[in-house]
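By letter and in written order, the chains are A, B and C; residue numbering begins at 1 in each of them.
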Amino acid sequence: MSLILIAEQVLNGLQFGVMLFLMAAGLTLIFGVMGLINLAHGSLYMVGAFAAAAVAGATGSFLLALAAALAAAALAGVLIEILVIRRLYRAAHLDQVLATFALILIFSEGTRWVFGSFPLFLDVPDALSGPITLPGGIQYPVYRLTLIGIGLAVALGLWWLTARTRIGIQIRAGENDREMIAALGVDISRLYTIVFALGAALAGLAGALVGAIQSVQVGMGEPVLILAFVVIVIGGIGSIKGAFIGALLVGLTDTLGGIFLPELFKLFMPADAASQTGSALASMAIYILMSLVLIWRPSGLFGARA
Amino acid sequence: MSDPILSTHNLVKAFGALTATDDVSIDLFPGEIHALIGPNGAGKSTLIAQICGGLTPDSGRVVLQGRDVTQDSTAVRARAGLGRTFQISALAMEDTVLENALLGALGASHRPWRFWRKALSDKALCERALSALERVGLADDKDRRTSELSHGQRRQLEVAVALTLEPRAFLMDEPMAGLGTGGSQRLIGFLDGLRGEAPILLVEHDMDAVFALADRISVLASGQVIATGTVDEIRRDPAVREAYLGEDA
Amino acid sequence: MIGERSITLVVLGLLLAVVAWALVVDEPFTITLATRAAILALAAVGLNIALGIGGMVSLGHAVFFGLGGYAMGILAYHAQSFSALDLGLVSVAGTKSMPVIWLVALGVSALAALLIGLLSLRTSGVYFIMITLAFGQMFYYFAISWSAYGGEDGLSIYVRNGFPGLNTLVPIQFFGICFALLCAALFLNARLRASPFGLALNAARQVPARIETVGLTPFRLKLVAFVISGAITGLAGALFADLNRFVSPTMFSWQLSGELIVLIVIGGVGRLIGPVIGACLFVALEHWLGGLTEFWHVYLGAILLGIVLFARGGIVGLLTGREGPHV
């Protein structure tokens, strides 16, 4: 196993991680500010991917496709926030789970209705297709490298937004004390809608970006959603920093585990059994990571003490 | 003098720069009602939490019947004989009055691990729960849903649940809160008779109740016990007058 | 308004009546649907112990359903291929006997519930929901990657497993088995709810602080409830696999966990008969709506939203006019 392969897998893990971060950041913000568990976040990811695929198919422009993804997901977010989610902020978790589960059913079947059951394809733009040679002779797809760049840029932007801007201050105040921020004269329901739309847009962006390297299909959002939950459990609910660290940990563990665990088992097992045991274990690696974090810190790496 | 049933020794608890409990030592002797008073923010809630097991002190000890329980959980302390009532009633509102009282009986019997027999047909449990309800005057309401009870009745039930535990010491967190004059008078009469069974550490804002009931009073201000003494001693204490009574009286 | 006990008896009676009618007019498919409803109800009765009494919003109960299914699948697979099941230290023969399979399903899912509960009950609220969901996904991916037992394609069992004295291939007889187990689970649930344990658990959901101050530990109460709950759902999984004579990773899917909660909420959270009503309506909707449009999940979603936003307490809540437990 060469160093180049390892470097490549580390980059893959990073790329996966930053995309998970886009999902997890929105979820953790929404939970931190509004106290809402949103299962339909994966649907917003799917909406972004489908919007991008549809617009790219019609116009051939990837940039327009991305803009469409952001807009469609944010719009869908605003719509469900106003129609449904708003009624759930003070509701029990069970109600939140059920209502957002219902939204998944509606979004998934609705999308199937409109686009059919066959996967759509979104092509990587020409300018970003093909590999680039990195220092050390590593050949790596430009597009994936771009994803890492976009993910890091969003992370920086979110940090700036929450730490340096007026709305960020309102968001942080809202996390600490809802009454307080209402007392400060901030229109809380508008703030909630904005935060929800921001989270939705991030999910839609992730869906579109990942949609270009995987297929765009109904149900694509939920596996990512659940991974984002793992990220949040590891990082701590409500913490953007936790979501970032957690996302990278999960991305790297999953990618590297899938490659190296079978290799590791080959050292002392027959190749056939090794690849089976290895890949079965690799599929569990991130959940084992989550369990370890839970035993060590039940409220996550950066979570407020429960 | 006999040994105290419950005592704290030099309890310290700080939250960042704020020392909520600063070297607090208090005792509760058999047969007495020891009232703990102090203005809001004096650190009463933090102290209660450390005595009951919700918070672990930074230093110092909590001793219950000669046993150091500082590191023990709330449940262990309860089993060791500490009966607690809450300032805001902590009752299972969906359940009946009797079922709430049964909880204490269950805890006291240390046996919640019965899965088959109906709780309501367990004679020993029910007798224990019913006698506590009778004592607080709720026996006739035993089958009502707790959520249907008046505020005063909930306060009574709160005391009854603690009674079913048959504790060695009571810690009552503002049992008079929200009671009208009549209700307060009745509860004062009841607690007055209770001290013979088990001593009471009474955290209370209602000064009439405190002066009527307390054998001793400790005054907490800014996390420290600034005075401990009989009712008269406390009334006369200039530090207390300044820190507390001065504003209130 | 109607009492809960009468609703329970009427619903079970109705289910039997439908099956009796199907038997008379020779509609075996209806009996199969009723069997499916009874099995899903059994799974949800299990979940209702954790959810309705203990207040644990487990979004990972498909784990136990799937484990029960695979317990059946693996044992029957070894029996039908006459191969030994290698357990590391010992190797055992497979079996086609339902009672044995049930015991294994109960045991395996109870063990899994113990482990998952130990980890996830360290937390509460949203964390608990996310963690149980995550563990569900872990089992799902594990089953997919475990090619020895069919991986993604699952395992087919050629002949339904046997029960002494019955011919399980006859729909009505298999229904009888499932219905009897459902009734047993309902009875167990009722006793449990009224027992000292149930009383304490129910209060632990409402006022954990109170439970601690009477000397009990909410964690332990909930853990035991979670294990009982998981075991019952596991048993349902074994029956479900037997009904289809097939198991696959979809038995572990998060959708299934979600649907189990949906069943309970449609019927009424924490109500004894709630899961049964929910399961019957669900299977009926799936069948009728599913026959009308392939997009029936849209309607299911809309119904669900309506219940959550406007009819808390589900069907039983509507019928009795009393709000149920709050979870």
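Everything that follows uses one rule, which is that a contact is a pair of C-beta atoms (placed from the backbone, for glycine too) under 8 Å apart; a residue touches a chain by one contact, two chains touch by 3 or more.
Note that the structure is predicted; figures quoted are calculated from it, not measured.
**Q** What chains touch chain B and also chain C?
**A** none
**Q** Which chain has its Cα centroid closest to the overall Cα centroid?
**A** Minimum centroid-to-centroid distance belongs to C.
**Q** Could you please state the distance in Å, as a whole number, between where the Cα atoms of chain B are centred and where those of chain C are centred?
**A** Centres of chain B and chain C (C-alpha means) sit 43 Å apart.
**Q** With chain centres defined as C-alpha means, what is the inter-centre distance between chain A and chain C in Å?
**A** Between these chains, centre-to-centre, one finds 31 Å.
**Q** In whole angstrom, what separates the CA-based centres of chain A and chain B?
**A** Chain centres of chain A and chain B, defined by C-alpha means, are spaced 49 Å apart.
**Q** Could you say which residues in chain C touch two or more other chains, in rising order?
**A** Chain C, residues with two or more chain partners: 326.
**Q** Going by the contact rule set out above, which residues of chain A touch chain C in the complex?
**A** Interface residues on the chain A side: 31, 37, 39, 84, 87, 91-95, 97-99, 101-106, 108-110, 112-113, 222-223, 226-227, 229-230, 232-233, 237, 276, 279-280, 282-284, 287, 290-291, 294-295, 298-300, 306.
**Q** What residues on chain C touch chain A, complex-wise?
**A** Within the complex, chain C touches chain A at residues 51, 57, 59, 119-120, 122-127, 129-131, 133-135, 137-138, 141-142, 144-148, 254, 258, 261-262, 265, 269, 295-298, 300-302, 304-305, 307-309, 312, 326-327.
**Q** Tell me, which parts of chain C touch chain B in their complex?
**A** Interface residues on chain C, with respect to chain B: 191-192, 194-200, 202-203, 206-207, 209-217, 221, 224, 325-326.
**Q** Of all residues in chain B, which touch chain C in the complex?
**A** Per the touch definition, chain B meets chain C at residues 52-53, 73-76, 78-79, 83-84, 86, 90-95, 99-100, 102-104, 106-108, 110-120, 122, 125, 161-162, 164-165.
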